[in-house]
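Below is one structure; the comments refer to it alone.
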Amino acid sequence: MGYAVKLDQFEGPLDLLLELIESEKLDISTVSLAHVTDGYLRYVHEHPEIPPEELADFLVIASRLLFIKSRILLPFLQGIAEAEEGDLESQLRIYKEYLDASKVVEALIGKRRFLFVHEKLPHVDIGFAPPKKLTSSMMAELLRGVIARLEPLVKVPRAVVEKTVSIHEKIRQIQSLIATATSVRFSSVLADAQSRTEVIVSFLALLELVKQRTVTVSQDAMWGDIVIAQVEAAA
Amino acid sequence: MLSSKIESLLFVAARPMSMKRLAEACGASKEEVSAALDEIMAAYNVDGRGIRVLHNGSEVQLSTSPDNARLVQDFLKDETTGELTKPSLETLTIIAYRGPVSKAELEQIRGVNCSLILRNLLMRGLVEAQGEPYDPQTTFRVTMDFLRFLGVAGVEELPEYDKLRSHENVVRVLEMAVNKAENAPAEAGEASPTEEAPSQDPA
Amino acid sequence: MLSSKIESLLFVAARPMSMKRLAEACGASKEEVSAALDEIMAAYNVDGRGIRVLHNGSEVQLSTSPDNARLVQDFLKDETTGELTKPSLETLTIIAYRGPVSKAELEQIRGVNCSLILRNLLMRGLVEAQGEPYDPQTTFRVTMDFLRFLGVAGVEELPEYDKLRSHENVVRVLEMAVNKAENAPAEAGEASPTEEAPSQDPA
């Protein structure tokens, strides 16, 4: 409730997070991070238009928020979660400092105290001054270098689109996995994960399911595999 | 006299000049050039002068003084407005205060991939790379042109420069980020369209 | 302060200015300008300064001091005839293969600002502008002299001309720029405070 945050104006996940906290008139703290987690997730869910190359950044923060929030749901995460909390909290504080500074910088530019230079070189009669060692085959080589440098810029965005898995899709996948077995190991959910983003999304999806009380999770040892079971089947 | 020579070269160069280049041209050591520049800056960068000496890293350039901005702009019929979008401002601010700064540090602070915004600022000449823009070791700093937007002779004149530059928390979080990056080098590349060499295309 | 204003204008004009023009621009009387100029000259025209105020009839101009004439000549010669850097060679190559090409397209392909490099290539007679150099519509191409130097009759004779000129990556990156321009209204920033008055034709 009350996340009356204007859409499409976020420069990134930290910006969104800060806006959510400030719209609730909270200070930056662990408690307020946990408090706005649902609002954050809802925003990400409800904005499929977030460009895929940025979605991964949003999901990284989502997973860290869920770590923090999940302490309530999954007490065994106690020790691990603390480090994450402090981390995100101070990262957000720093981000806020620079965000505030950027407003000061904007005001400074707004004063229009521009400094001007003269760009004209004094007239020197030099005629024609070619690069003596340059040949046309060297030029072809230079251009091939330029073209190669463009490769990741023009190619990778498409790859990212193919790679990014939506949380919804992952939730369905986990649900169908448990539908066929009474319980399933988290490692098997991750078995076909292609990227870190997908691992995060899977974990995120798992925590969502826990929150919705669809599944329960248990873990034999710290860092051990997580066993997911349907609520009906759980002891 | 060295300071006279430097003053002449700065006047004709019409571009930012490195101390190294000045030292070469004048046949002096970098230390001598640096000392002479201090003298020149002390003479120019005071109230009531119409010329300023801007400095950025090891580069210097002459410009008009901020008090006369309106007069000069009218004289040149210049139409600069200095409007920048929010992501540009945010990125420029971090680079101005923390520069030279690597892409990884920048992304750690902004929490978002910065490849495209960096490319945009590089193309507009507001940021410059020290090294190949796609090399992860490369650091970025703001340009003399950006200082000229701000109306300051150097980044040190920015409000709360020392505080934001050496903020204890910033340093700590950045160290953590760097350690993390060293331990898991693959992790940074996930969604970044430009930082990879073609051969490292993430599968 | 009047003397500060005059100093700024003389600096940025970098050509002779009449007292009348100075008085108009500063909103002062000719007598006031004359008095302020006396002050400025007293400060500059002394031993040990690298900049002089030249006064000829009713015209004034800043210039380098005669003591450094040789140094300045050597420096300018080196700036315009010395070896080209790799970024300059790269820019020259792109202009050869892609010409006529605009500055914006050039920067899109290289991913960095090309203002200073373009100015240098123009001065060396390697590249020519079709239009005013600072008009964004202006396109650039290599000169006949440069083609002759390479020993080709036209750019079409450059190795793998068709393949490299229209390489998919180049076409794509230019398309990206067009799409972006359509989706996001331009930021004013490209115009750094140097975008020029017509009088400052660098060619």
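Residue numbering begins at 1 within each chain, and the chains themselves are lettered A, B and C in the order written.
As a working rule, a residue touches a chain if its C-beta (ideal position, glycine included) is under 8 Å from a C-beta of that chain, and two chains touch if they have at least 3 such contacts.
Worth saying up front: this structure is predicted, and the values here are computed from it rather than measured.
Q: Among all chains, which one's averaged Cα position is nearest the averaged Cα position of every protein chain shown?
A: Taking the mean of C-alpha atoms per chain, the most central one is B.
Q: Greatest Cα-centroid separation from subunit B: which chain?
A: Between subunit B and every other chain, the largest centroid distance is to A.
Q: So how far apart, in whole Å, are subunit A and subunit B when each is placed at the average of its C-alpha atoms?
A: 27
Q: Report the inter-chain centroid distance for subunit B and subunit C in whole angstrom, where each centroid is the mean of the CA atoms.
A: For subunit B versus subunit C, the centre distance works out to 20 Å.
Q: Hey, how far is the Cα centre of subunit A from the one of subunit C, in Å?
A: Result: the chain centres lie 42 Å from each other.
Q: Mind pulling the subunit C residues that touch 2 or more other chains?
A: Residues 8, 11-13, 72, 76, 79, 111, 193-194, 196, 200.
Q: Going through subunit A residue by residue, note those that touch at least 2 other chains and give them in order.
A: Touching at least two other chains: 114-122, 149, 151, 153.
Q: Flag every residue of subunit C that touches subunit B in the complex, lowest number first.
A: Checking each residue of subunit C against subunit B gives 1, 3-13, 25-26, 48-51, 62, 64-65, 67-68, 71-72, 74-76, 78-79, 107-108, 111-113, 115-116, 184, 187-198, 200.
Q: Subunit B touches which residues of subunit A in the complex?
A: Those residues of subunit A that touch subunit B are 11-15, 52-57, 60-61, 87, 90-91, 93-95, 97-99, 101-102, 104-106, 108-122, 148-149, 151-153, 155-157, 159-160, 164, 194-197.
Q: Spell out the part of subunit B that touches subunit A in their complex, as residue ranges.
A: Residues in contact with subunit A: 12, 14-15, 52, 54, 61-67, 69-70, 72-73, 76, 78, 80, 82, 84, 86-87, 89-90, 92-94, 96-97, 108-113, 119, 134, 147-152, 158-160, 164, 167, 169-170, 172-173, 176, 186-187, 190-198, 201-203.
Q: Over in the complex, which subunit A residues touch subunit C? Could you list them?
A: Subunit A reaches subunit C through residues 114-122, 124, 126-131, 134-140, 142-147, 149-151, 153-154.
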